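Please go over the structures that come below.
There are two complexes below, and they share chain A, which is joined by chain B in the first and by chain C in the second.
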Partner chain A sequence: MDCHLDIFFLEALLNGLLLAGLLALLALGLNLVFGVIDVVWICYAELVMVGMYGVHYAYKGGLPFIVAAALGIVLVAVAAGLLHVLVIRPVLETAPINQLLVTGGVLFFLQAAATMAFGVEFKNIGISLGSLNVLDMSFSRARILSFVVALVGMLALWLFLTRTYMGTAIRAIAQDRQIMPLMGVDSRRIYLVTSAIGGGLAGLAAGLMVLNYDIYPQIGLQFGPLIFMICVLGGLGSMIGGFVAAFVISQFIAVGSSCFHTEWGYAVAFLFFMIAIFFRPQGLFGAKS
Partner chain B sequence: MLELSNVNAGYGAFQALFGLSMRVEAGEAVAVIGANGAGKTTLLRVISGLVPARGGEMTMEGRDLRLTPAHRIVEAGIAHVPESRRLFPRLSVEDNLRMGAFVPAARAKFAERLEYVYALFPRLKERRQQLAGTMSGGEQQMCAIGRALMSGPKLVLLDEPSMGLAPVIVAQVFDLVKRIRSEGYTVLIVEQNVAQVLKVADRAYLLEVGRIKASGRAGDLAASDEIRKAYMGL
Partner chain C sequence: MSAPRLSPAALAGLLAVALLPWAVRLFLGDSEKYYLHLLIQILLWSFIYTGWSLMGRFGLTSLGHGAFSGIGAYVTVLLWNFAGVSPWLGIPVAVVAATIVGVLVGYPCFRLRIAGHYFALMTLALTEFVRLCIVGLRDYTGGSLGTQPKRYGDGLSLYAMQFEPDRMLSFYVAFALWLFGLYVWRHVDRSMDRYALDAASQDEDAAASVGIDVTREKLKITALSAAMCALGGAVFGQYQMYIGPDTIAGLGTSLNIVFAVVAGGMWAMLGPTVGAVFTQLLSEGLRVVIQSSGILKSVLGSAALALDSAIYGLLLVLFIIYMPKGIVGTLLERRRQARPARVARAETPPA
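Coming up: the complex of A and B.
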């Protein structure tokens, strides 16, 4: 163990903070969909993977990065809408396990399709923003950008949910599904819009992730479990809980990596998760059921 | 205004309404009374499309309600205040009222109607940022009625507005009903509190196990020995 309260420890803390922004954004899409539709998209990380390939090839095809990133948002939003209509909606009224299984099936399908279409090799988008050096600390500019954009994206969602009729209906439907028709609301439309927004958030995250990570068909397995852990720790469906949990978990990863070894960061985070969930099974911000 | 003719309805194998016919004229307050399980709530749910009618005819100002999907019934001018109020507990009072104005035609008049509802129920204005679930039962009933009025309805369906409320509050709730009545809304109200509701209504139907057993002027029903014995404990 090599843990000192020195400048490198501070650097680890700050890097954990920066990572948290992206993780919180990723958790938000999954939490929104679960909170509103009561469905867990097991293939959520694979939707992000599809978005990453989309942004990658759009950029390599000659589009400016900002346009490619915007296309990534649209691509995943449409994919998520299709996922809802074609896969979720037919089994929505059946046992919850069916929804898990069908989205699990989509996970394997997307991984296989990506392998066939794009090959197994790691792809790098080839944009380097360099790093920002403060004192003896070094921070990746891509990560700083991701943090800021993720926060702006979350703020935009919050404004949408609190300031618009559609956003209010999305919050309302999670509290009382049956009476929505009495408000003149077509629940099927709300579910579709919610799915597309959840996908849009995954697409936004995809555009940020290509700046930070190489892309390969199984990349979802690398961060998917982490996102699920954050959502459950926060209280599945609680958007604020997911936000807080992202910051908690990323600090465990950052500090764990700093004190032990990089690979141990995730293990420390999961250990904390297991202890926390033992004492608070409903999650930090989850309602007791 | 509202006309039901020979309507059947139920849940699965269970039939709740048998060949039910009734009408509500513009400007009337009509009560549906009956014991628990008589089908009163089902009747309102059939009118607002939550439970599909299995036979018969149902029109609102000539519009065929059976061909109208549940989420479009509001646009026909019908607002339903459901049993036990069913506010969105973790939305603010104002967001609950906003949900009442969800349909496009109502959105355009949101500010105007919000002012109207706040003038009608000043208590709601005081509590507009409060979460609806944290208010008292009487205040929640105000909010539920206000939410229904936000769509600008012609006909308001009230399902057991006095249920679960303390006796003092029950009197207040019937005052609310009188007030929306005097505002010119047509009211169809379902109640177990028979003595009280017959004072508010013009006409009433007595429902027993899914069938209409009696109907007439509210005063006449209130004077009937049979109803006084069976439903008013007199």
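Coming up: the complex of A and C.
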């Protein structure tokens, strides 16, 4: 319990910032799907897990890492597209909570399927980028890379949503589901494209996750709740909000873990989330409805 | 309490369930312990599921009930292990603690009208918070490995509320709890609160405009539901003589509760019970099939253990898409559709 304002505390703060990049990227895909289709994929973190296994085995199979990571993006994008067509579309018109529950079934399925296919062991991809030492502080290069890619990914998504026809259609349908089909927008297609993009972002995050963490079938349960929290705390549809929320949450985790046990960092983060939502139900940066 | 009038069919059903362990003893004597264990599990989980369905049926989809059952189990066991407080006192304390937590989280949610997805995610955060606290307090709770209530004497004690070695007794404890759960469900089903909550779940503004205090009604049902889950969790811990953050608390438990009720049907009294029977039989049945099948075992190896979850997940998806009312709900609907047709035919005056 030694918590001093020294160089290690600064190291924890900066590491928290780097973790925020990864978490923000993870939340980005979910945020898009949640905001546009108004569906919560409870199995979102499991899609990331599928992507992680994909990247892992593609790399172990002899492909260069960058190709393996690209394959991971495609893999999860396709998986997310299938998820939408096979599972979400049939319940899109029913009670909203059904859409959340149905993806919960997918969560169990993916976790069990991964256990059967890959076993319960922790798998490490075996790429070490080493760490960067500044003063007495050390930062993992994989984290720094994740942070940079997360920023680039967010910028790319923002450009896509604001500068392309498809992006504009996606934003429009998020604002008014009833009117846009009358304006000649095919909502089925938009939803499918949005799901695939959301999956692609999850796949991108998966490629970075394998550099930072060991893979095991239950890894989704470790990250899933955090991702949902960041999404809601940031405010739906707000990318800046998502990043700020990721930053706040990761600071709780990083500083909490450096001063106390890891769980207390997480526990305080969840407590903060609940209290924050009581004060700002629309999220930190969400528009008031 | 006025004695609820029971139809002959219901009485016969209850009697049949009460006599089940004797049937097991008579016909399945060799593996009596195993089958009784299965029945006890089904009844205990049925009680917890019934507690959840009290909220779930009114559109309050909580993923936080793993937190309540966890609080119930852990507070009871910790009080016994570290303060020597008998569960007779410990369980009421645990139930009150869980109820307070439920109300503390519920009140702002209902005031701010956090509903649907947001309510689910909010309660999910509660579950994670409680699980992390359990793991964090590992000096007392044993962390992620879980802990055991200290055995009192030979493990069979009224004072310590320990009954695990006697499966017959355990069955009737679980049976009594299950009956109590059904009684509460029926009581709620026939109360004015039920109509108020039904109205509120359809249209909150309209319900409020006819004088329903929506927040208060929702809080009442949340408190009741949380208390039931805590009681169920506590008794479950006393029976299993082991509690772990993954068996009685945490997201996995929350999701299992929700899905079993969805499978069984949340709008019928026996829906949660059927859900418990269905999920327990499914996982046990698959386990037995896998254990006895040499081919499956050699192909899948130890991974075969995950096969039941995979099938379970797949079935849940199919249930929600094709049978959103669950097994019992769908059967009841079929019966209802069949009946008015007959009545209408009978009442049509001859031309």
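Definition applied: the second predicted complex is superposed on the first by the 280 of 289 C-alpha atoms of A that agree within 3 Å, B and C clash if a C-alpha of one lies under 4 Å from a C-alpha of the other, contacts with A are read in each partner's own complex, and residues count from 1 in each chain.
Convention: contacts are C-beta pairs under 8 Å (C-beta built on N, C-alpha and C of every residue); 3 or more make two chains touch, one makes a residue touch a chain.
In this text, all values refer to a predicted model and were calculated from it rather than measured experimentally.
A.B. asks: So, does A:Ile253 touch the first partner chain B, the second partner chain C, both, or neither?
C.D. replies: In the superposition, A:Ile253 contacts neither chain B nor chain C.
A.B. asks: For A:Gln178, using the defined touch cut-off, is the partner it touches chain B, chain C, both, or neither? Pick first, second, both or neither.
C.D. replies: First partner only.
A.B. asks: Going by the contact rule set out at the top, does A:Asp186 touch chain B (first), chain C (second), both, or neither?
C.D. replies: A:Asp186 contacts chain B only, not chain C.
A.B. asks: Contacts for A:Phe109 in the overlay, against chain B (first) and chain C (second): which applies, first, second, both or neither?
C.D. replies: The answer is second: A:Phe109 touches chain C but not chain B.
A.B. asks: Give one of first, second, both or neither to describe whether A:Phe278 is in contact with chain B, with chain C, with both, or with none.
C.D. replies: second
A.B. asks: Of chain B and chain C, which one contacts the greater number of residues in chain A?
C.D. replies: Ranking chain B and chain C by residues of chain A touched puts C first.
A.B. asks: Chain A residues touched by both chain B and chain C?
C.D. replies: none
A.B. asks: Can you check the complex and tell me which residues of chain B touch chain A?
C.D. replies: 48-50, 69-75, 79-80, 82, 86, 88-91, 95, 98-103, 106-107, 147, 151
A.B. asks: Give every residue of chain C touching chain A within the complex, in rising order.
C.D. replies: It comes out as residues 59, 61, 105, 108, 112-114, 116-118, 120-122, 124-126, 128-129, 132-133, 135-136, 251-252, 255, 258-259, 262, 300, 302-310, 312-317, 319-321, 324.
A.B. asks: Which part of chain A faces chain C closely enough to touch in the complex?
C.D. replies: Per the touch definition, chain A meets chain C at residues 34, 38, 40, 87, 90-91, 94-98, 100-102, 104-113, 115-117, 119, 217, 221, 224-225, 228-229, 232, 261, 263-264, 266-267, 270-271, 273-274, 277-278, 281.
A.B. asks: List the residues on chain A that touch chain B in their complex, please.
C.D. replies: That would be residues 165, 168-169, 171-172, 175-176, 178-187 of chain A.
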